[in-house]
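Next come two complexes, and both contain chain A; in the first it sits with chain B, in the second with chain C.
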Partner chain A sequence: MADLVTQEPRFAQFKLVLLGESAVGKSSIVHRFVTDSFDDLRESTIGAAFLTQTIQLDERTTIKFEIWDTAGQERYKSLAPMYYRNANCALVAYDITQESSLDRAKSWIQELQKQASADIVVALVGNKLDLEAERKVSTKEAKEYADELGLIFKEISAKTGEGIKDVFHSIASKLPVEEKLNSATKRRRNIDLNRPSTNNQESCSC
Partner chain B sequence: MSDRPVSASNAESLFQLYRDKSPEKPGIESKRKTVDLNGRDRYGFKISASFVDQEKYNTWWDQYSRYLIRRKLKWVKLMNKNGFEADEDSMPTKFPTRSEELKRYVRKGIPAEWRGNAWFYFCKGPERLSKNKGLYDNLCAKMDTLDEVNLEAIEKDLHRTFPDNIHFNDYSGEESLMIGSLRRVLRCYALYNPEIGYCQSLNFIAGQLLIFMDEEKTFWMLVIIHEKLLVDVHTMNLEGVSVHQGVLLLCFRQYLPLTWSVMREHDTINDDFLVNIPSLGICTTSWFMSLFIGILPVETVLRIWDCLFYEDSKSIFRISLGIFKLMEPQFVKTPEDELYHLIQSFPRTILNPNDLLDVCYRKLNSISHLKQQEIQLCKQYVINYRAKYKNLKHEDNNLLSNQERLKLLQEGIQEFGKPRVLKGLRWNSRLNKQIRKLRVESEHDI
Partner chain C sequence: MIGRRVLGQVPNEGELSPTASPNGAESLSCPICNENMINLGQLNQHLDDTHTNNDPSESVNIGPYLEKDLKNWFRTKVVDRANSLHPLISSKLNTMDVVDNMGYFTISDSATSSAPNSTTNSRISSPGLETSEISRSHWKKPKGNDFCHLKECKRRLNIKNGIVNCRKCGFLFCNEHTYYRIKVNQTLQYDPLGGQFVRCCITCFTNKPFFNNFEGFALDDTKTFQELREKRLESDRLKTIVLEKRLRKIFAFVYDRDNPSKVNNSEVTNYVKQIIHWQTDNELNNCPLCFKQFGRFLMRKHHCRLCGEIRCDDGCSLDIPMNYLKQLFDQSPETNEQYDQNHPTEDDTIVFDKVSLRICKLCKNRVFHRRLFTQNRSSSTGIDDLLSTIRLVNIYKEKIHQLLPGFEEDLQRLQTIDSASNSNQILPTKELEDDEQFLKMLVEKRYKIMSVFNKIDKIAKGLKLTIDQNDTLLSLKKPLAEGMTIDQLKIARSIYMQLASFLQENMLKLQKVPNLTNKPSTENEGLSKLEIREYRDKLMVLQEQHYLINSMIDDSKKKRKFDDLKILDENLADIETEIQTISRKLGDDSF
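Showing the complex of A and B:
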């Protein structure tokens, strides 16, 4: 039980990239996550947009996501490496009412596995769950694919908010928090050593 | 003739409110307020979407609209002086020949009602149109033959183009005339230029043009913009986007050494930075792709477009540098993990266009020394560098072996070390220094 007493609050920051075909709802997903709102009138994304959101993973752990919401049109693919470089996690989205969007998602996942850092945490999400009546992609098909590759899988709706928090929590719980903390403290220590503090200046009159 | 409907855009009626506001006429105060009370600016954009609070906006607009009225009167005088009949209510289609004086006037802002005609005129649109009579109508007639991929991409974006603007979304539930125009322009352009087809961001450029001119002129503006300002930016591989980022980084190094040093400190900007564009560099992707739409407040974007269409592609870089120059005091003291946020949010606060344009064009500022020739050479340098790198790149792997890297550097030294290539350029000395450093390093490695 001594553990509980010594547990200090932890804070770690991770880079997340959002990928997927145009209009599957990537921007809507981030906005639901960041502002807990949904706007039917959303502009299409040019290049990429940057957003942040913090979540409480457990009683002592706070996680900050630095999110790159990218543009989905096929040709933007050539810019994508700039966005997923050094990413700790990726959320790859498809639209459950658009068969082709799952294929696109799969090709993103392939690319991530080849090009992104080896320990990247990947989640596959099927968006627009509220449009169940227009569904074209079965849950089974997508889930089997995700399981095979060991990805987080979830069907969500940016419109109703269903499943959004869960996904980000699942991602967060798979992230190497401890590792990140260690490297961050190390880096901070280095900086402190290099920077002469004002106190030192006074005492050191040599 | 095709059965293309009359264009939705009509600058004359769009700016009715504004046109009535001359200083001599009574009631100007109340009229200015009507614009604000609707919560929309004079182009139909929601003010609340502009990222500054309404009160701040109103205070600024109160000042700025006076400035606009003064400028309009000056333009009328300039036109008359040059033998053009014009008064406040006229809609001139021809403008004086280019001169230092006219350039100054353009940089201080073209009157909003004249913008469509002036942009088109300065870009030599009338010549293009008269040489290609009927071309747009022919394209319109066969626009449904566009390939499925482009058709679908355009359809996806039509309703995601300025959904906050009353002309694009009139909340009636029916499709607005403007969306119809936008669809035709985008389809026709995609047919006309298959190398580009439809690229996300063209919707915003075309959309903003449509507020100021009819769709045929908008079409020709798209053609001209891609020849003159955004070469290769919207092509299939978006290579031009990366090239522009590279050129901008070189410009930082030359014109904003402080910003550059902060970037180097925070980011992993290594010698490959022209190929692997660093993270801070990618924040500006959309600046080029949408010509600053959505990046800066509407009035500021329009003033920039005045300059872009009168001048040449160097303006894009001057403006980008100008934004960073204004941001610099904040940039240097912002912690690393908040820099992206700053680059994204700061430009939206540049409500007063004159703040930005002064930095870009006032003689005292080094940015105003950036010349077109310099940009041209710089672009060529980046293009060559990237092409060489690509030739060396492994099929499936972005990384170069040390040996390949060395080879590339040496080729770079041979090619760009020759003084004739970069002679007289402002960034020459720095580049030489860099090359000297590389040469020493590579000799070391051998």
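Showing the complex of A and C:
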């Protein structure tokens, strides 16, 4: 019986918010993740943009991210709480070539600790890894900070794509999938636990 | 050359028609993007639709784009084709197994039976390919002790080795040396287009004309196409001339008067309405060019002052400062010599700030694309790119200069409303509604200004990239990027610096929130001025986001992404709640 349950395909949806100083590459990270593309001349984000992407966490688990890509410009900082308030996970980005951006990232993390939900999964990522030659923030410094607070930590490059998938997978694997299973999946379990599992993944409720 | 390549066939002029649908062996494709075309008519349309510059930012880079496209085309069309042909040919020559459908390399009956490729077989062995109409009178009769006619073979001919007449030369060969097909006509001449397939010997096969020409023959449609294109261009030119005439009339209206500085936009619009057909705007729900939906708030309808048709303001039409337009127009290559005498005078500069003309992208392309393009092409140095960049930046800067003062005035008005509420006047509901409208308008303006700033910012980033790349090259003592000189790099640097400071200076203004009156606010239980300021700022940002989410919702509806719609709707509700909360906190100090 328990075996059957674990075999069943699972589908869960999570809200992810991107935070960080302007120009660290938040939008570039999202676009690399969602469309696997990169634009050297991306326009700075106005307000907050919305995108979605679905990943296969393991054979039976499909995870859909609702991504809110917030604008890093100071003027928009008041919008952020609306997007992190009930977010399940947050990706806080800094630019490894800009020291100030790590400070900004740290202050976002503090704000999340105070204001966001207690079980929010937070990842700290250092972007623009391709600009190793211009690095100003050492891996050690950022990693120690992240470890201390129990955050996911990765250095990535939206430009080359390095580490992008990893980060989202690490986030996904820390998310409470069981709690979040969408109602259709749960209902199916309640009604027909003995039914052999099918390979369908589109267990969304529509 | 624009043409179709027909492998192994001789061109037949009589059959050439621009609308003829090609058979599988032919391909007609756009020389720029390589997209397949059914006929020349489609190509003609395609060149207009796809490769006529639409985006103002594109005109800056037309050179590199075109070059890249051509390189791509060359690579896929010529190099890949050649690469793919050679192995194919060699494998065919080795095994005599045939995969192509071009009647070029062919196989014999017996090879057919063992060939795995059934589609090929059906074509090769389809009935009527080899008919009895072709004479057999030249066939050598087997005498009983025959040998393969091929000198290098001389194999004894029998049931096992085969006794086969070559249908062309008539000599007797073994099976192996008659595994070939060619097309001949009744008089046994090679005729790749009109002939029939017949079995032949290896000698006749390899003797056929162009045997070594792996590229086949080209049907050169260039001339036909030129004529077709010429007609289109001619009608384009006529349309362009009409538009140019209108533009000249408008310039005359604005500049040929005693005091051009007195002209204003609505006068110009009234004048334009007299000289062109002004499209009535009822029942038009979407922009005819980009199909974006018109709405009450930001996607407003605008008339192009040259064609009179309705367009959106989101990329399909642009409000261009009159002076700039005139300058650009006068700089046309045709009238270059007159440039000096038409150079803006002092008076023109007065017109500059106040009058602008909205032009849609189609009209812009008609009137200005050729000008900009010819300019770009005449000398292909980076300096032209820089000049186009400056030109573009100037358009955007002017736009900022147009929008920003109005915005600041509105902020001032906000202050007045403020003092009214501070002096404890109770505003009637009607006026409160007006205020609501007013705020929406303010948000709309802000958003527009922001978008223009973003465009400038993007250009600045582009420049920065070029500069950085070249600086790196310099530091490595390598030659600069193509078309770039040290002087141009300097110019690029100074444009960049200028842009950066322009952005800094002006975006600061945008960030400035209205100063509040000196009167301390008493009504809203102890909110400090600072708090009021902050809340108002928040309110503005929220209104902006409200607008953005609304447009995302429209977009999701159009794309039928209902999952997203749910999330966006929820967010919209969140934003509205937030707006209410803040408005309540602000009390009378809300807008």
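Note that in this section the second predicted complex is superposed on the first by the 176 of 206 C-alpha atoms of A that agree within 3 Å, B and C clash if a C-alpha of one lies under 4 Å from a C-alpha of the other, contacts with A are read in each partner's own complex, and residues count from 1 in each chain.
In this text, contacts are C-beta pairs under 8 Å (C-beta built on N, C-alpha and C of every residue); 3 or more make two chains touch, one makes a residue touch a chain.
Values in this document were obtained by computation on a predicted structure and should not be read as measured data.
J.: On chain A, do chain B and chain C fit together or clash when superposed?
T.: clash
J.: Considering only touches as defined above, state whether A:S78 meets chain B (first), chain C (second), both or neither.
T.: So A:S78 meets both chain B and chain C here.
J.: Answer with first, second, both or neither: which of chain B and chain C does A:S22 touch in the superposed model?
T.: A:S22 sits against chain B, while chain C stays out of touch.
J.: Does chain B (first) or chain C (second) touch A:E66, or do both, or does neither?
T.: Both partners, chain B and chain C.
J.: By the touch definition at the top of the document, which applies to A:Q115: first (chain B), second (chain C), both, or neither?
T.: Touch partner of A:Q115: chain B, not chain C.
J.: Does chain C touch more residues of chain A than chain B does, or is it the other way round?
T.: B
J.: In the overlaid three-chain picture, which partner chain does A:F50 touch, first (chain B) or second (chain C), both, or neither?
T.: A:F50: touches chain B and chain C.
J.: Can A:L41 be said to touch chain B (first), chain C (second), both, or neither?
T.: Both chain B and chain C are touched by A:L41.
J.: Between chain B and chain C, which residues of chain A are contacted by each of them?
T.: In chain A, residues 41, 43-44, 46-48, 50, 52, 66, 75-76, 78-79, 82 are touched by chain B and also by chain C.
J.: For a test of understanding, state which residues of chain B touch chain A in their complex under the given definition.
T.: 149, 153, 156-157, 160-164, 169, 199-201, 203-204, 235-239, 241-242, 276-277, 279, 281-283, 285-286, 289-290, 294, 337, 340-341, 344, 396, 398
J.: Which of the residues in chain A end up touching chain C in this complex?
T.: Checking each residue of chain A against chain C gives 40-41, 43-44, 46-48, 50, 52, 66, 75-76, 78-79, 82, 204, 206.
J.: Once bound in the complex, which stretches of chain C touch chain A?
T.: 447, 450-451, 454-455, 457-458, 461-462, 465, 511, 534, 537-538, 541-542, 544-545, 548-549, 552, 562-564, 567-568, 571, 574-575, 578
J.: Once bound in the complex, which stretches of chain A touch chain B?
T.: 13, 22-23, 41-50, 52, 66, 71, 73-76, 78-79, 81-83, 85-86, 114-115
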